[in-house]
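Following this message is one structure expressed as structure tokens.
Read from first to last, the chains carry the letters A, B and C; within each, the first residue is number 1.
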Amino acid sequence: MKRRDFLRSTAAVSGVVSGAGLAMPRLARAQGARVLRFVPQANLSSLDAVAGTQYVVRNAALIIWDTLYGIDSKFEAKPQMCEGHEVSADFKTWTFKLREGLTFHDGERVTTRDVIASLQRWMVRDTMGQKIKASLDALEALDDRSFRFRLNKPFSKMLFALGKSNAPVALIMPERIARTDPFKLISEYVGSGPMKFRTDEWVPGASAVFEKFAAYQPRAEKGDWLSGGKRMLFDRVEWKILPDAATAAGALQNGEVDWWETPVSDLVPMLKRNKALEVAISDPFGNIGSLRMNHLYPPFNDVRARRAVLMALSQADYMQAVVGDDPELWKPLPSFFTPGTPVYTEAGGDILKGKRDYEGAKKLLAEAGYQGEPIILLVATDISITKAQGDVTADLLKKIGMNVDYQALDWGTVGARRAKKDPPGKGGWHIFHTWHAGADCVNPAPYTALDAGGDAAWFGWPKSDAVQADIAAWYEAGDLAAEKAAIAKLDEDSFANVTYAPTGFFLQYQAWSKSLSGVVKAPFPVFWDVQKA
Amino acid sequence: MFAYTIRRIIATIPVMATVALFVFSLLYIAPGDPAAIIAGDQATPADVERIRASLGLDRPFLVRFGEWVWHIIHGDLGTSIFTNLPVWHMIQQRLEPTASLMVLTLAFSITLAIPMGVVAAWKHGTWIDRAIMVVAVMGFSVPVFVIGYVLAYTFALQLDWFPVQGYTPLSHGFGPWLSNMVLPSLALGAIYIALIARITRATMLEVLSQDYVRTARAKGLDQRAILYVHALKNAAVPIVTVIGIGFAALIGGAVVTESVFAIPGLGRLTVDAILRRDYPVIQGVVLLFSFSYVIVNLLVDLLYTLFDPRIRY
Amino acid sequence: MSTTTIPVRELTAADVTAAPVLPDVLPARRERGAVMMFIYRHPTIAAGGFLVALIIAMAIFAPWLGTVDPTALAPAKRTRPPSELYWFGTDMLGRDVYSRVLYGSRVSLIVGFSVAFFASAVGMAIGLISGFVRILDAIVMRIMDGLMSIPSILLAIALMALTRGSVGNVILAITVAEVPRVSRLVRGVVLSLREQPYVEAAVASGTRMPKIIWKHIVPNTLAPMMVQATFICASAMITEAILSFIGAGTPPTIPSWGNIMAEGRALWQVKPYIVFFPAIFLSVTVLAVNLLGDGLRDALDPRMAKRI
């Protein structure tokens, strides 16, 4: 009751404040409000990074909502909303305490009730959350600022789970919002992060506006990705959705926007020549291209047919089609894991190295019983990365004597079609393409695409008991050496099974105006500590 | 005429109902899935299924259509599946930019094209005629996005006269609004300049060869009077028809123009909504399009009677 | 791959529509200087017809004009500028733009001519019916209104979602959008013509309807129809390009001027030739079709003919 009354009074107060705020923007603009104009990779169509896993949605959510822990640039989870934690020696009891002075954008204080409701919603959707939920005896509040997980199995990766950046992210929302069905999108965008979302200024498909949250109290440490002090040096961050690459390039050259998240690589040489612009690799962890086959139906239910594709697949062709001429932007990837990370291994990846063997592939296909039936290739032609991969695959399959039925579709249709387990001739499919952020391919926890649990696995439904055993071994690994061993085995078994076909590792550029300082390399745009001269 | 107007307005209801049902069933058969898009690339198949159920997308066609109609009757266009914003709100946000683009495009086209067509017909067969027609034909032999890029490159990037992209609401001043809209309106207008100039020329030629015009000419009436009083007035019917017809086509061109110049208009809203299968938004926008189309064409038909009293209703 | 090669036979629609050029040229053989006379009298028909014939020939003989497989990828040789080896350069996937442009003419011509033919035929029939049969007029025109109020782009994307991108769907989507336009035009002409004294006289003297339509109405609608048909043909080619721009056009496995331009458009500031060559070909073709239409209009118009 009390809480509700309080809520009402703060609502009234915030109403007054926002009423005053209405007159503000024009005044503030006149006095030269600090505004950052940012062109995101895609349209921001929703804002729920728990119910959905789109990267652009996650990027926006990370500005609005804060997390209990946050990963830094070394992928280590550091306390963020939490002051700290205690963990029992057997990794079964985790106790956390919130920092003081945390408030939501509506003025409400952040309490453990909000935290527990948020975590409960998140645990339903997230792979790591589900692991926690499976062995959860209780998730309980000790007081307004302390809460505790009691598990019946050890779980050593708790901090990473709470602080990881890949969606579903463990975002802390007010209890009333966190009560939303985890499979439904939230409709109120109130967080406790460094910026407020201006729902009234949101024009989906065109622009989104974030406004500095005055009551946000950044941590004392220096900001580092999702950890440390998230100091906002802008009053407003305006996202401008520019779906046309030529237009986005023009807007950046003309100074109409400050920062373009994903410039087309062929335009980069031109942007680099412009003295007012800075161009650099955005995310050192890059992306892994993926050719995904349907393991349920012939010919790709036979591992020999899948291996035939791998034998003939030229990653150089795929990568050049995807990122262009710049050799700095891609490398071959005889692995399922992100190069440059601690557990990286090329175990089992020899099949992707050396001269491509078309004749061998044809022979293997014949052995697998392939007799020229049409291979249904779903290609999302509205997304340049999937379209380029699809075009190369059509050429590749032709070279190994397969009969291709290239289906030009939009991403919405591919998303629906790939979920169908029907036979390829009856509404199903044989191959589709996508890509995975390298930051998600550092270990099996966020890496749903590598799971080989058959019916429950990701689209394509690969099944391999060996792969599943290797994933379990990683979860149980106590130190880096054990993790490395488990991952090497997992890589080898995944190649043996051809869970999917990696088409290479590629990086993307970001471009920004030289008047900005503090832009960092990260798997997501980091807006704190960036300022404009 | 008044009764006719009323009848026509009442007749819009079946038109809109047909369009709504047609689009709804088309979308229903189409395999796209908003749940898969919301879930994102990494979601598991089971998650996608749950999301679909929570959106109510697994219910039968008639139930969904009936529910939607029920809401429409109560003046509610529904809420977007993705943004959870009311559809009417999303349409309102986008109305001004698209309306501005269309009005300016039509204004540019008519003021440029009708004199071009009249002069070409008057000087029929001469080099003036040919030159005008070649210029007009250029307008629609190049796709709108190529014209847009060339205009943006020349007048925004090189000469820096206008911004490359964006939209400034009229409430922020006429100057800024116009400077953002000049290039898009010209790009989109090129095809209408060509179209209206051609039709004007063709119908003017027709009218000029009619007996009464030849009689007027023979009587030595002032050339300009013949042109304005007889010819242009009679040529008005097909010209008005073309403008009415052009309205629906404008929407198609607007989609591309809005993308090239990043104008937050209805065209882009529609394409985004179709690509994402945001059913309530598509439905709302299509209803709006068919409604405004019907109204525009009603006006066109009423203009017929104004220009050509021989046509009765 | 079966989907990549376009059988030459499919060009029948093109042949049909191009046919009207021939009767004009044939009599010229009889007399010396008649060809020159024809060109002198109908310079637009001659120029337009010549260009259209040239492009049709280019489409038919594409395989023998120094082209390579227009769909063969070579990502290592991507975005090469025009040279002796690649006359028009290569695109983002290393395909030869010259070959793609030549083969692409087939799709543009098929789309343009098919849409012009189907839309004119269907639109004319509907326009005549609704112009003459008062009872049907209201109903037919309301259905046309309904169809026309759905933007063709929306329809094309919906059709693509329904099945998938194909040339047939592109033709269907553009035709559906054009039919109401033609029928409105024809109806407008009919409405105005039937009030003409000679038509009223014919009706009064008991001439049967089909005869009136055939003798008085159809010939008078032909001239505006011809202008309209050339416009439809030209605009269909442009619409094909726009649909490719939106991503709902010809599937990427079949080169068309539209999708060559759509694929190269992001790079047009740095690699303009990918967009430039198909744009030039498209513009010239559209220009030629329009010249032909203009010329035919002037030549076919009975009153104009009398004067000559």
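A few notes on this one:
By our rule, a residue touches a chain if its C-beta (ideal position, glycine included) is under 8 Å from a C-beta of that chain, and two chains touch if they have at least 3 such contacts.
The shown structure was predicted, so the numbers you read here are calculated from the model rather than taken from an experiment.
Two chain pairs, A-C and B-C, are compared here, and B-C has more C-beta pairs in contact (counted per touch definition above). When every chain is reduced to the mean of its C-alpha atoms, the one closest to the centre of the whole protein set is B.
Taking each chain's centre as the average of its CA atoms, chain A and chain B sit 39 Å apart. We define each chain's centre as the mean of its Cα atoms; on that basis chain A and chain C are separated by 46 Å. Note on chain placement: the centre of chain B and the centre of chain C lie 21 Å apart, centres being C-alpha means.
Across the assembly, chain C contributes 157, 161, 247, 265, 268-269 as residues in contact with two or more other chains. Contact with two or more other chains is made by residues 30-32, 149, 153, 259, 275 of chain B.
Shared interface positions of chain A, i.e. residues touching 2 or more other chains, are given as 244, 246, 250, 382, 410, 412-413. The part of chain A that touches chain B in the complex is made up of residues 43, 45-46, 51-55, 57, 125, 166-167, 181, 183-187, 199, 202-207, 240-244, 246-247, 250-251, 253-254, 256, 382, 410-413, 415-419, 427, 434, 436, 440, 446, 448-449, 456-459. Of all residues in chain B, those touching chain A in their complex are 30-34, 36-51, 53-55, 80-85, 90, 93-94, 149, 152-153, 156-157, 160, 163-166, 259-262, 264, 268-269, 272, 275-278.
For chain C in complex with chain B, the touching residues are 138, 142-143, 145-146, 148-154, 157-158, 161-162, 177, 181, 184-185, 188, 191-192, 195, 223-224, 227, 231, 234-235, 238-239, 241-242, 245-247, 258, 261, 265, 268-269, 275, 279, 282-287, 290-291, 294, 297, 301, 303-304. Listing the residues of chain C that touch chain A in their complex gives 1-3, 71-73, 75-76, 78-79, 92-94, 157, 160-161, 164-165, 247-248, 251-253, 265-271. Chain B contributes residues 11, 14-16, 18-19, 22-23, 26-27, 29-32, 133-134, 137-138, 140-146, 149, 153, 191, 195, 198-199, 202-203, 205-206, 209, 237-238, 241, 244-245, 248-249, 251-253, 255-256, 259, 270-271, 274-275, 282, 286, 289-290, 293-294, 297, 304, 308, 310-311 to its touches with chain C in the complex.
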